[in-house]
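What follows is a single structure, and I will ask about it in a moment.
Residue numbering begins at 1 within each chain, and the chains themselves are lettered A, B, C and D in the order written.
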Amino acid sequence: MDLTTPLILVNLKTYSESMGEKAVKLAKIAEEVTRETGICVALAPQFSDIHRVASASEVPIFAQHVDPVTPGRGTGSILVEAVVEAGAVGTLLNHSERQLGLALIEASLARAKEVELKVCICSNNQAVSGAAAALGPDFIAVEPPELIGTGIPVSKTQPEVVTATVETIQNINPVVIPLCGAGISTGEDVAAALKLGTQGVLLASGVTKAKDPKKILLDMATHAK
Amino acid sequence: MDLTTPLILVNLKTYSESMGEKAVKLAKIAEEVTRETGICVALAPQFSDIHRVASASEVPIFAQHVDPVTPGRGTGSILVEAVVEAGAVGTLLNHSERQLGLALIEASLARAKEVELKVCICSNNQAVSGAAAALGPDFIAVEPPELIGTGIPVSKTQPEVVTATVETIQNINPVVIPLCGAGISTGEDVAAALKLGTQGVLLASGVTKAKDPKKILLDMATHAK
Amino acid sequence: MDLTTPLILVNLKTYSESMGEKAVKLAKIAEEVTRETGICVALAPQFSDIHRVASASEVPIFAQHVDPVTPGRGTGSILVEAVVEAGAVGTLLNHSERQLGLALIEASLARAKEVELKVCICSNNQAVSGAAAALGPDFIAVEPPELIGTGIPVSKTQPEVVTATVETIQNINPVVIPLCGAGISTGEDVAAALKLGTQGVLLASGVTKAKDPKKILLDMATHAK
Amino acid sequence: MDLTTPLILVNLKTYSESMGEKAVKLAKIAEEVTRETGICVALAPQFSDIHRVASASEVPIFAQHVDPVTPGRGTGSILVEAVVEAGAVGTLLNHSERQLGLALIEASLARAKEVELKVCICSNNQAVSGAAAALGPDFIAVEPPELIGTGIPVSKTQPEVVTATVETIQNINPVVIPLCGAGISTGEDVAAALKLGTQGVLLASGVTKAKDPKKILLDMATHAK
């Protein structure tokens, strides 16, 4: 399945509800939702689940992080070639739970481009989004850290943050696709995010901890049309 | 296969020669060597290869690193439950290419114990080995960083470093198993390491970049008897 | 004034109440308390205040941190020679607000010894204290992070943590001097800490934010006799 | 003395040749050069030397780094209020020897603006310079890390890097002042840097390790006119 917009990108983090076989199950649900709605649902599982999930489903898979290392040394590092070989088509970078040095972001992005891995840089505010845009990633997801995991959607409570961020990104680098993160948990939140100029959402617990993830994802995909 | 001593622990790092299907192939070779010699050969592949390698072979698998996070948040982190679920029985910690804060090592070790994941703390010298021993890991691998990847075995060029480290570890915590790292590339190096009081070796390029890994591993296992 | 035990070591952190001229004033108060009671009160001001405070008073001065760099490169790093030249006689290392890699602690300690700078490693629990003891610093201050800044003294609420830590330190390295940190704010807290086998206290807000620091310090010093 | 352009900004790093009283002496030399030529020479001494140097001379003083902490906790951190109180008017940020997370750079810059501390973000290449420009610092110094400390001036060997970086900065944020770093050691290097569109230089060993720093600084200042 192609990585298209509007995009619903689900970060599985380290939730036990979305690990191992449960990640595979969630991927199959995501696949169904995409088939039924035509809206792209992508997943970012843990590193150790990438190959398993990518082998069992056709949804686009993101790594949660990559390092700027080249093959060889780098014990414990995430090599871009390895995540591509395991089946990923993209990666998050600089998530608020895995913040990176500015020069490391630039170097990791350059490595990712070498292997045609799409990159979504996460940013915590408008200024950081502008800096990220200057680096030329494929996506930027703005997520005010204080809203992550709260279920309080930035698209509703701080719409001006989203609008200003989208504008900053477009001024600096109009090919970068803005996503809206932090607190997204319903189809309405997704619709609000798209109205503010973003082309998708990055979310986590809203789906991973849902009793019925398919219902939530269908609601989101329907509102994204 | 059980994790026994003397132990030959092969760190696959991010070598392209030991990634993906090549990691699986190497695991099968390791399995053969263990069957033929009775000496335990364990592998530490990249995170994204753990499940694939563990599914395809019976050799003990180590992660290259884990984080002290609990399930939930921690995007891009290595959860101990995830590496266990993928099939690992142990993990490296504090490799010289992935150095960790003292308190993080202690916390990661505590997390690993919760899920019965064996831990090999890597240390760069005698003093650090003593500190690591006080934390109570299963293994400590001493690797003078300047020798890593050189093919110059610490067991031959700095035998006194190995001897002193083994003694320090035993004084502080006699149940910890000392391993010898850095520059190990032949059966003779392994024999020298064991004579100095270690109970195994941690190595990487000596096997991963070898033209005939089976020949090298057989040589090492034979010398470890 | 000599650095003696029992020791009252006051970490000025980045409190505005103990910065610049206010740090000098506090040092003069500490000096008076030492003269009047014979108990050593030492201060750990911000780096930019070390020279000023050391020039204006005779109390022993600690840096709050040092890096393992040697003279030369290392922009923004804290060189041990620089803090000694500015007038410090000791340094904190690995404070919970400035945690360090295990190998960096060992390397920084080695650098400090080269210039005869006393080192107090901060630790968050018993296990980490044991590891720190193996490295051979002059002091170890145990501070459960959850109590730092609370005014809830570890010596009262978790006396068993302090006792066990003192024992661990003595078993591994009996020349290391244990200090008690976290939540110390009264003379009684100091007395309790000493009864548990420590030879002094590391504290911060209890003094820096006190209305009458001299009164508090006198109370502490009196209880330390 | 005012902080004006063209600017010669000398990073004293942790060189023993420019520490303590030697930093004061260098500041007096810088002061003389400014008086004689009208060209601003600013110094970035070690933290523990800021107050001493600022008290003894009138040259603009930069810190080598600041942290985004607010007054209070933050043991071992560099508080912007503290460096201002000690006499600094500016700070380096993200030097290649002290690289910072993207979000930390943005937060530190915001803190610096609160206390009117000028900020010079260091960058290692054109892309990172663009990202830095989006954050809105006062200065950006581009320094290819492989040339730092070599005496091989980027302005001569990679003039196209400097030109492209200046252009990128101006496109994204024209009020940011570009400086040229890495390998600057003569007046000619300074002249070359200014011709390429920068408004000054950031250098270190070229002055700190010079036998006759005044002669070098005079040569640089003369070529900067």
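In this section, a contact is a pair of C-beta atoms (placed from the backbone, for glycine too) under 8 Å apart; a residue touches a chain by one contact, two chains touch by 3 or more.
Only a predicted model underlies this, so the values are computations on that prediction, with no experimental measurement involved.
Colleague: Shared interface numbers for chain C and chain D above half of all numbers used, same, or below, different?
Modeller: Since more than half of the residue numbers are used by both chains, the interface counts as same.
Colleague: What is the distance, in whole Å, between the centres of chain A and chain C, each centre taken as the mean of its C-alpha atoms?
Modeller: Once rounded, the distance between the two centres reads 44 Å.
Colleague: Let me have the rounded angstrom distance from the C-alpha centre of chain C over to the C-alpha centre of chain D, please.
Modeller: Chain C and chain D have C-alpha centres separated by 33 Å.
Colleague: Can you work out the whole-Å distance between the CA centroids of chain A and chain D?
Modeller: Inter-chain centre distance comes to 37 Å.
Colleague: Taking each residue of chain C in turn, which ones touch at least two of the other chains?
Modeller: Counting only residues that touch two or more other chains, chain C contributes 96.
Colleague: Are the chains arranged, by touching, as a line, ring, star, complete graph, or other?
Modeller: Ring.
Colleague: Show me, using the given definition of touch, all chain pairs that touch one another.
Modeller: Chain-chain contacts present: A-B, A-D, B-C, C-D.
Colleague: Can you name the residues of chain B that touch chain A in the complex?
Modeller: So the residues of chain B in touch with chain A come to 11, 13-16, 19-20, 44, 46-52, 64-65, 69-79, 81-83, 85-86, 92, 95-98, 149, 204.
Colleague: Contact residues on chain D for chain A in the complex?
Modeller: For this pair, the touching residues of chain D are 94, 96, 99-106, 110, 123-125, 127-128, 130-136, 168, 172.
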